[in-house]
Structure formats: structure tokens, C-alpha cells
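Listed next: structures, encoded as C-alpha cells.
Shared chain: chain A. Partners: chain B in the first complex, chain C in the second.
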Partner chain A sequence: MTRQKRSHHRLKRAVAPYLYLSPSLLIIGLLMLLPMVTVIGYSFQNSAVLRRDPSFAGLKHYQAIFADPVFWSSLWHTLYFTCMSVVFHMTIGMVFALMLNSDRINPTLRNILRVLYILPWLFTAVIIAVIWRLLLEPNGVVNSVLMQMGIIGSKVEWFSSPETALHAVTFANIWAGYPLFMVSLLAGLQGIPKDFYEAADIDGAKAYQKLIFITIPQLMPIIISISLLDFIWTMQVFPLIWITTGGGPIYSTEVLSTYTYKLAFSSYNLSQASASAVVILLISLGLTLFYIRYQKAR
Partner chain B sequence: MTFRIQPAMLKIAAAAWLLGATSAMADTALEFTQWWEPELPAGSLRAIMNDFEAANPGIKVTLVSGPYATTRDQISVGAATGTLSDVVGLDGAWVNNLNAQNALADMNPMMDASGFDKTQVADIIKVDGKAVMFPVASFVYPVFVNMDLAAQAGVTKLPSTRAEFLEAAKKMTHADKNQYGWVLPLSLQTPSGVQNDLMSWVWASGQSMMADGKPALEGKPVVDMLTFVKSLNDAGVVSPGIATKTEQEKVEEFVNNRVGMMIDSLAHVNLIRKRNPKLNFDLIPVPVVENYTGKRGLPYASWGIGISAASKHQEEAWKLIQYLMSEKVNAKLVSLANAFPGNVNAKPDFVTSDKAFGKAFEIFKSGYLANEFTGLPVAEDLMTQFDVEAQKMLAGEQSPEQAAASAQKGWMAKF
Partner chain C sequence: MSEVILEGICKTYGNNFRAIDQLNLSVEDGEFLILVGPSGCGKSTALRMIAGLEDITSGSLRIGGVDVVDMPPKDRDIAMVFQSYALYPHMTVFENIAFSMRLAGKPKAERKKRVDEIAKTLQLTSLLDSKPANLSGGQRQRVAMGRAMVREPAAFLMDEPLSNLDAKLRVQMRAEITSLQKQLGVTTIYVTHDQIEAMTMGDRVAVLKGGVLQQVDTPKRLYESPVNAFVAGFIGSPSMNLFEATLTGDELMSGTFAIRLQDAAFVRRPGLRSYAGRKVVFGIRPEDLYDSSLESGRKYQTIPAKVTSIEELGSEQIVHLNIDAVRVDSGDPDAVDDFGLASNAVARFEPVSAVHSGSDIRLAVDDAKFHFFDPETHLAI
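And now, the complex of A and B:
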């Protein structure tokens, strides 16, 4: 083989992987990278989208949103909504997964519970929002049951009262999201070798000790991975909050996604909306990098 | 059997092709973006366009239709990129922004050049002196009264003033039976409740939320309205869940005999009848302040129409608008939409065939159309700001005066 042929062959081998990757790179570039870069560009322009010749604005729009108290309360609500959702998704998912993995429950009942527990996952965000609006409306079933049980004395406006709205919408999101944890943890539980539990039994370990020293450490990689993904996804939840409360009453459920939406489609301030979207992007990016580093470390 | 193409046949085919191609080239294709087609009976808007095309040879209309929200976004982007359709369906709340983008043509010169009779139209929406929109069809907002609940409560005379309304609402309220006198939707998701259910009280009494083109929310009319609404809420006559209630839920509560009175669009009459055919309801104008005897402002939402400033076919576009605003065509269109006409001489057929619509038409004729949000900058944002302040007031966090002052401050920043 001549030197020329050899170098041609080497070049072909070097280029081949990129050719295989090119369709997906093109799609990612067009559908993800390009819009992202465009939005970042908008955040530095005055009257972005609305004017054909927008002027450069520097950091003006970032300064404006950081000076807005509603932005900071939205950030706080987002963190509360996200943290509470992730913690309860994980707790409820773990309890249900342990229940479905237990030999003490009748197999038929276990199968029925498996279907019931996974139901919230089958509904779209819009359906979930409508269901909870109907259940939690002042004349709804929840108030009626709680009043009959003597737990509350008068009708509570769960979504319409600033004191309860954020908790109510977080509760609806917890209900909607725990099946992801449940299914993942159940798969993890079924992968833990039985030997570990038999050895623990021989050593006289109690049920809670087996949970703390065998089950949870074995599930830890799944718990961390799913928690991080859930954190990133929950931070961006929009339809559930928008349909149940619209960010109200009085900004009490305003989160970063609804705040950004209102800037864009209510105020038509697409420059500030882009700046707000970039802030969400940076937070999500930080979490994603953390997730990638964790995955690499494993 | 063989088939031979004769030279004569070829000549005829060529001539036919040439004729077709020339006539196709001569046709002006107008693009008309709107959200009306999906809301009208199937094929009815297309039929009107076909009639227009028949009356105006050489002009073809392409309808670009979609839901309201999609159309709004499409028009915003079209205005920014200079790709707005020749003729656009408009909501009054959008025109200020579109005008700021120089996206809408001034129809004043077209009216003058064609000798258009301005007295025949109910309204011409102007921004900075430019005529940018005609309301083609108007959906007015009277008060719907559940007559069975009113009779059971002993309300024999339907309210005409705010004080009478409060008394009637009190009588109709039985919280233990989940029954309330009035319903107020102030969801931030769709803050149109500010326009339809709050400001309508101001306009009904011939008052205004503006002064010299600027917001005047701290003035007596708005503060009095907020005080009145607060008194209704304090009296416990408003159906609970105000802060997240939407217009759709308001209608559902009325349909299910859970509220005695609501301010709502006349466009919902057929929906209400469909949802509860047994519901016995009547329509009255929005009650006014004590001793007011002047003409009543009637809140309304409209299907507006305008011409793109970037259109190369403004002359043809103006012909289409004239056609839609003409007496007969306008009457036909609004009859299909159950709306009131943009042409004052047009009389939709439902006003004679339907008692409720007939009554509403009387209210419409005796008052005037009033919606001060039309033409304001970022109208929806202004409603959201007012909505938040009204919610704070109803939650007991501030007085009507403070709510009005905070809203005024927020609005002034937008002007």
C-alpha cells in the first residue's frame, strides 16, 4: 500500500464516526443549540423579536429582572416547589416500591396495586391539573370529606388562598410525579442479590437495619440519578401551575416558568423573558453538569 | 387502435393553458389570518369569501385560520418579521403593540379615496390618529340572571342600580347550599375578568378609567367600583375561589344553578342552553350608580379587522374589508357568530327569532359599546397588574384606594 493510499485510508477512518454522527448532530444543532443561542442573543437586545432592527442592550434586561421582587419570589417558589416535590417523590416512591417488592403481600393484590400506583403517570399535566382543580375547589370533594371528618370547620380555598395555594399545587405535582421513582426503585430492588438479606438474617438483623444497611446503599446510585433528573424536570414545570393557579393568587405560586411566560406573552417583553429563560437555563445547566460528573464518577 | 394528436387539438390545448395561466397570473391572492373560521359553523366563512370572490373577479382570498391564542402569536411574529398577512383579524387589545411596530396600515386615506360612509360603522379604532381597526362583530357582556333562583329568593324587580344588585345578590345567596348571588372570575391565567367583570361596572355608568389618554385609576369611578366589589365580597355573596376562577368556570357555575347572576358574553347563550336546556334566565344591562340616567356603556369584545402595512395588495384588502362591513354581509356574518354587527344598519336575523337575543339587542341599541382596553399598550399586562391589586384587596391586604393607587403606579410605567 502506498503512503498516499495509507493516509487516505486513515482520513476515511477518522471522518467516518463524524459522518455517522452528523444526522443527530444536525438535529441537535437545529432544534436545540440554535434556539438556545438565539434566546441568549435576544436577552442582550432591546425589543427583541418585536423590532426588525433591535439595538444592543448589554446586561440591562438581566439587571431589570434581578431588580424585580417578583423574580426573587418566583425563584424561592420554584425552589420550594422543586425540593418538596423531589423529596416526597422519593419518599412515596420508595414506600410503594418496597410494598410492591414485598413477599408478604398477596400477588393478586400486588398486581392491582401496581396498576393503581402507576395511574398518575398515565395522565397528562392538563388532565392532572383539571382533576385537582375539581377536587380542591371550595365546593369540591376534598373540602366535603375533611368537613365531615371534622378536620376543617369551613371551606378552604386551596388554590385561591395565598396561604395554601403553593402547598396545594406542590401536592398535586407530588401526586403526579412519584411513579417515576417507584418504577425505577422497584427495578433496583429486584436487582439486589437475595444473598445480602440471607446473610443479614443469619446475623439477626432487623427489618429497618436491612433497609438502612442493605437496601438504601444498594439503591443509592438510582436515588441520586433520578433525584437529579427529577430536580431538573420539576424546575421547569409549567402547565400544571399555569392551569391550576396561573401563578396566583397575588404571585403566591409564581415560579420561574410562569414568570417568564407572562413576560413573553402578557407583557410582550421578549428581551426580559429571554433573560429570565437564560437564568433558568444556567440553573438547569449547573444541575446537569453535576449529574454528568456524577455519572462519569460511577 | 392508435390515437394521434391532431395539430388543431394541440393548438386548443395551448390556448387553454395560456388563458388559464394568464388569468391565474392576473388574480390577486389575498391572505386573511383570523381565528373566526374555527368558531363559525363549518364552511360558512369560506362561503362568504367565495361570494366576495364572485363579486370581485381577479381577487382570491386564502384563509389562514387557527385558534385565538395561536393567531395572536402568529400575528405578533408576522408583524416583527414583516410577513403579516394582507388582511388580519384583530383583537382591540393587540392594536397598540402592532401599531408601535408599524405593522398596521392607516385606513383613513382608503376611506377618503373610496368615499366610505363612516357613519355606517359602529366604531373605528384609532391609534395616534391612524384608523387601524374596524370591529366587524361585537360580543356584548350583559348580566345574566337565573330567574328561578331570583323568584325563589323573592327578587321580583331585577336590579338596575348597584345597591339593588347587592340586595338581590344577598337574597339569592345560600352558602349552606353552595348557592351565591354573583360570580367573579379573576384568574391570572386569563385576566380578562378585569375587563369584563370589574371595569364593566365603571363603563356601565358612563364613567371612565382613563383621563386625557392616561390611566385615572385613583379617580372616583374606579375606587367606587372597587369599594362596591369589596362590599359584595365582604357580604359573602360572591362564589368562593375568585382568585383562580376562569370565565369557563363562571359559566359552569351559572349553568348549574350555583350562582344567581353573572356578567357574561352574549356569545355564550347557546352554550348555556345546550348545557342546561331547563335553565330559566334573563338578560339585563350592567347596573349603574345611584341616580344615573344617561346612556349605558356596554362592555364588549370584538372581532376586529385591519390591513397589514406591508401588504402589496392594500387596495384589494380594503375591498374585502368594505365587503365585510357592508350592511347585508355584516348581518350575515354576525348572524352566524351570534354577535352584534359592526355596521349599525345591519340587523342580524336572531334578534327577531330569539327572545333572549332580541332583549340583548335592545340593550345594545339603547347603550353604546365601551371597552377602554382597546388600543391600550400591553392591555393583557395591564389587566394582570390590576388583577393582582384587586386580589390583594379582596384578601384584605389593602383598601380599595390602595389597590387603585398601586395599579395606577404599575400602569403609568407601561404608558
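And now, the complex of A and C:
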């Protein structure tokens, strides 16, 4: 091979990976980076989108949303909704995964339960929202069952009462989201060598000790990874809340996503909406960086 | 006293597959017993039943005089070393070794004292803070031993603990485990499929095939007096050569050759006379076959053979041969590996032998070392 041919071959080898990557990079650039940068730009402009020559606003819109009590309550609701969802997704997912992994349950029953437990994952957010609206309406099944059991004395307006609305949407989201944990943890459980449990049996470990000393430490990488992803995704949940409560009543279920949406498409204050979106972006970015660092550390 | 006694132990699975059939075994206090056999012979199942990790379908099992059939593993006073070592990857060496003491609620100071003692014995002191992932295969193996030792059990159960190590380390660890067992004097039952481990480590060796115990004896007696063709073929590497022949008078006739048997052969095995005029299986170990052109082979009778291939090992040559005789399968699946497609016999020749592949030679046979088996039952005559 001549020197010229060799250098041409080397160049081709060096460029090839970037050529393969270029379509996806182009799509990400157009559909993600460009809108992101544009929104960041809007957050520093007055009357963004609405005017052809918007003026520079500095941090005015950030100051405005930070001074808005609804923003702070939205942030609090977002944190409550997210934290409760992640904790219960993990707990329920773990309990169901342990049940499905147990060889004490009849294999046929186990297969049926596997399908049943994964059902919520098959529904889109809109269907979940409709199902729970029907179940939790004042004349719905939930009220009827709870009243018959004597747990509540009168019909509760789950989504319409400021006291219960946030808990109700959180509950619906918990129901919708635990299968991700269940499936991931089940895969993790099936990967734990049986020898570990047999060695622990010989050493005299009780069931709860095996859970604490073997199962949970072995699942920890999955628990942390999925929790972080769930945190990032749940923080941005919009359709479930929008369809069930629309952020109400009286802002009691307002979260950052609905708050931003309303600023943009109800008040047409696109600059402030952009500032709010940037705040969500920064929180998500922080969590994502944490996730990436954790993955690298592994 | 920590003897382990198995009486009429059976294990039948749900699909009626009988993994262990009427296993009777008595392991003395402080004895090192090896359970050996080819894959699927039930040796690991037997060990797991002793450990309590598998239910016993029927039979009785006593450890230290106590009937343990219905006892959970933790109450059987045993410790087990697994093939995979089963070290917890998230725990340090110290935590792994101290795990059973932690479960038992032993104070921290006591745990530290005991683990330090064991670490010193196993030369693990400098590794106590390391995680298993950072240890070599041999070090992991020692940690697994330490985890078993910390419990001060009545019996150690070891399930192929050296099979994950490379050949060189295996030789070293073989010696380490043997000397440790002697030093501790704890009754040990050791499962392996490697007959070299079986021969070099155990006080006695129990050979299993298809869930049935074939023979329990010292390694030397097992080698010299196998009770059947399976044990004869399984013990020894390369395997014993087994052929079919007809006993005519005092001669073994096979194909184009005949070997005259000395009177001593009939004196040692009075039953052999009854096979006169009938077929018999005779076995000869590779080390009892010689190159007739060398001094060592001159005193023996010879038979014609063709050399098919040679493995030069430096200290000896493993010579694959074809002789005019029908080879008999001992029933040991591993033995098949010793013979190539074109050969039906294996011999160990001295390194000075000048035979070469493809040559026709006279093979010297030490007929005093013959083993005889019934052609139907494969039992030793």
C-alpha cells in the first residue's frame, strides 16, 4: 500500500464514527438544543415571540417568577409529587418484584400476577387520567367502597377538594409508574446468584437479614439509577395533572409544568414562561449530571 | 465427635428422576473424604443434601451423632465452600468472613479477634479491607475458606472449590487445603470431578456414578483394586485401557494376538478360571504398557500396535495406539477424551522412546498388572 493510500485509509477510519453519529446529532441539535437555546434566549427578552423586536429584559422575568407565591407553591407541589411518587414506586415495585421472584408462589399464578402488575404500564397518561377521574369522582367506585367499609362517612371530592387533590394525583401517578421499578428490580433479583442466599442460609440468616444484607445491597445500583431517572421524569409530568385537575383547585395541584404551561398559553406571558422552563431545565440538568456522575463512578 | 453418617439416602425429583439412590457413607471424625464422579453423577446433590440445601427424599443423615434430616442448614453445624465462593461483592474481606458472627449477634471485639486469627492463618491480614473484586482467584478461595472456618463447624463441605482456578494455582491450593484440613482436623467432605484432586487430597475417596455409590476406599486401593470397570476407567489419567478378549486355557485371545497369563493371575483371582472359553474384559493402565525396544520393556510379552499420535510431555510421552482388540467403554464420559478417533489404547512411554506417529511397533505388556472384569456386569473378577 502506498503512503498516500495509507493516509487516505486512516482518514476514512477516523471520520467514519462521526459520519455514523451525524444523523442523530443533527436531529438532537434541531429538536432539542435549538429549542432549548431559544427558550433560554426568550427568558431574557421582553414580550418574547409576541414582538418582532423584543428588548433585553435581563433577569426581570426570573425576579418576577421568584416573587410569585404560586411559583413557590408549584415548586413545593412538584417536590412533594415527585418525592412521594419515587419513594412509593420503589417500595411497591420492590414488594411486587420480590413476590414475583419468590419460588414459593405457584408458577402459573406468578405468570398471571406478572401480567396484572404490569398493566398500568400499558396505559398512556391520558387513559390513566381518565380511569382515575372515573374511579375518584364523587359517585365513583372508590367512594362507594370506602363508604361501605366505613372508612369515610360522606362522599369525598378527591380531585376537587384542595385538601385531597394533590394526594389524589400523586396516588394516580404512583399507580401508573411502579411497573418500571418492578420490572427493573425483578431483572436485578434474577441476576443475584442463588449461592449468596444459600451461603446466608448456612450462616443462619433470617429472611429479613437476607433482604438487608444481600438483596438490597445487590440491587442498589439499579435502585439508584432508576430512582434518579424516575425523579427526572416525574418532575416533568404534565398530562396526568392537566387532565385530572388542571393544576387546581386554587393552585393546590399546580406543579412547575402546569405553572409554565399556564404562563405561556393562558396568560401569553411567554418570557416568564421561558424563565420558569429554564428553572425546570436547571433542576433536571442538576439531577442528570448527578445521574451521569453516578453511572461513571460505577 | 463429628462424624457424618449417611444411611440409605435417596433423592428423587418431581419428574421421578432419582439423583441419588441408597447412598450409604460413613465419614469419620476428622477425615477428609472426597466425593468424585463424572458430571451429573449426583455428587453435588449429595453434598447439598448434607448441607440442608436440598431435601432428602428418604434415608437418615447424622452429623456428630445428631439426626439432621429435618434441620435447617444453619442448625446442622456445617460450613460450606461453594464453587463460585459466594463471596458478597459489596462486603469487604473482613465483613465476608465475619458475616455469620454478625448474624449471630457476636460483639464487634469478638468478631475482630476471631477474624484476625483466621486471616493470620490464611495470610489474608493485609487484604481484610479489600473487596472480593480486587482479589485474585486464590485469595478469593482463601476468603471462602475463612468464611467457613469462622463458624468452627463440625464439618466442612466443599463443592468443587478449585474448579475456577487456573491449573498452576489449583496445584498450589490443593496442597494448601490439604494441609489446612490436617491442621484443623475438621471432618471434610469435598466434591470434585477432577480425579487428580480426588487422588491427591483425600484420606478416602467415594466414587459415584448415576447417583449410585461405586466404591469407597483409600486412593491407593481405589487405583490398584477397582471394584468395577467404571472405577477402573475413572480413576487414573489417562484412563485404564479396557478390552474384550476370550480366555482360552491360560491365554487371552484377541484378534491377531494372544497373551499368556501367569499362574499368579489365576491364584490372585480364583474366579477367573470360570471364564475359560468365555469372553472377559481385561484392563491395563497406560503406565503398564512399554516400548519393547527399550530396556524397560524387554522382559514382557509383546503385541502388535500402530502408533497413531504422540503427546510429548517432556518427562514422558503419551502414546496413542491402535491394537487389534475391541475397546470396552467403562461408562465414564470423560474417558472418551483420552482416545482419538483412530486409536483405542493409550500408553505412557519413557521420554527416550523413539516411536513416531504412524509406525508399527511391538507393545510390551506387563500382564501381571492386568485387571479383569465380567463382560456383562463390569464387576471386577
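FYI, the second predicted complex is superposed on the first by the 282 of 298 C-alpha atoms of A that agree within 3 Å, B and C clash if a C-alpha of one lies under 4 Å from a C-alpha of the other, contacts with A are read in each partner's own complex, and residues count from 1 in each chain.
Here, contacts are C-beta pairs under 8 Å (C-beta built on N, C-alpha and C of every residue); 3 or more make two chains touch, one makes a residue touch a chain.
Not measured: the values here are computed from a predicted model.
Engineer: Overlay done on chain A, so just call it for chain B and chain C: clash or fit.
Structural biologist: fit
Engineer: Does chain B (first) or chain C (second) touch A:46, or do both, or does neither?
Structural biologist: Neither chain B nor chain C is touched by A:46.
Engineer: Which of the two, chain B or chain C, is in touch with more residues of chain A?
Structural biologist: With both complexes superposed on chain A, more residues of chain A are touched by B.
Engineer: Should A:198 be classified as contacting the first partner (chain B), the second (chain C), both, or neither?
Structural biologist: In the superposition, A:198 touches chain C alone.
Engineer: Once the shared chain is lined up, is A:251 touching chain B (first), chain C (second), both, or neither of them?
Structural biologist: first
Engineer: Which angle, as a multiple of 10 degrees, do chain B and chain C span at the CA centre of chain A?
Structural biologist: 150
Engineer: Is A:236 contacted by the first partner chain B, the second partner chain C, both or neither?
Structural biologist: neither
Engineer: After superposing the two complexes on chain A, what is the shortest C-alpha distance between chain B and chain C, in Å?
Structural biologist: Superposed on chain A, the two chains' closest C-alpha atoms are separated by 50 Å.
Engineer: Going by the contact definition given at the top, which residues of chain A touch chain B in one complex and chain C in the other?
Structural biologist: Shared contact residues on chain A: none.
Engineer: Under the stated contact criterion, what part of chain A meets chain C in this complex?
Structural biologist: These residues of chain A touch chain C: 193, 195-196, 198-205, 209, 213-214, 217-218, 220.
Engineer: Considering the complex alone, what residue numbers of chain C touch chain A?
Structural biologist: 51-53, 72-74, 78-80, 82-84, 86, 88-91, 99-100, 103-104, 147, 151
Engineer: Touching residues of chain A toward chain B in the complex: what are they?
Structural biologist: Per the stated touch rule, the residues are 49-52, 133, 137-139, 155, 157, 159-162, 165, 242-251, 262, 265-268.
Engineer: Could you please specify the touching residues of chain B with respect to chain A in the complex?
Structural biologist: Checking each residue of chain B against chain A gives 73, 76-77, 79-82, 97, 100-101, 178, 187-191, 240-245, 258, 378, 380-381, 384, 387-388, 391-392, 395, 397.
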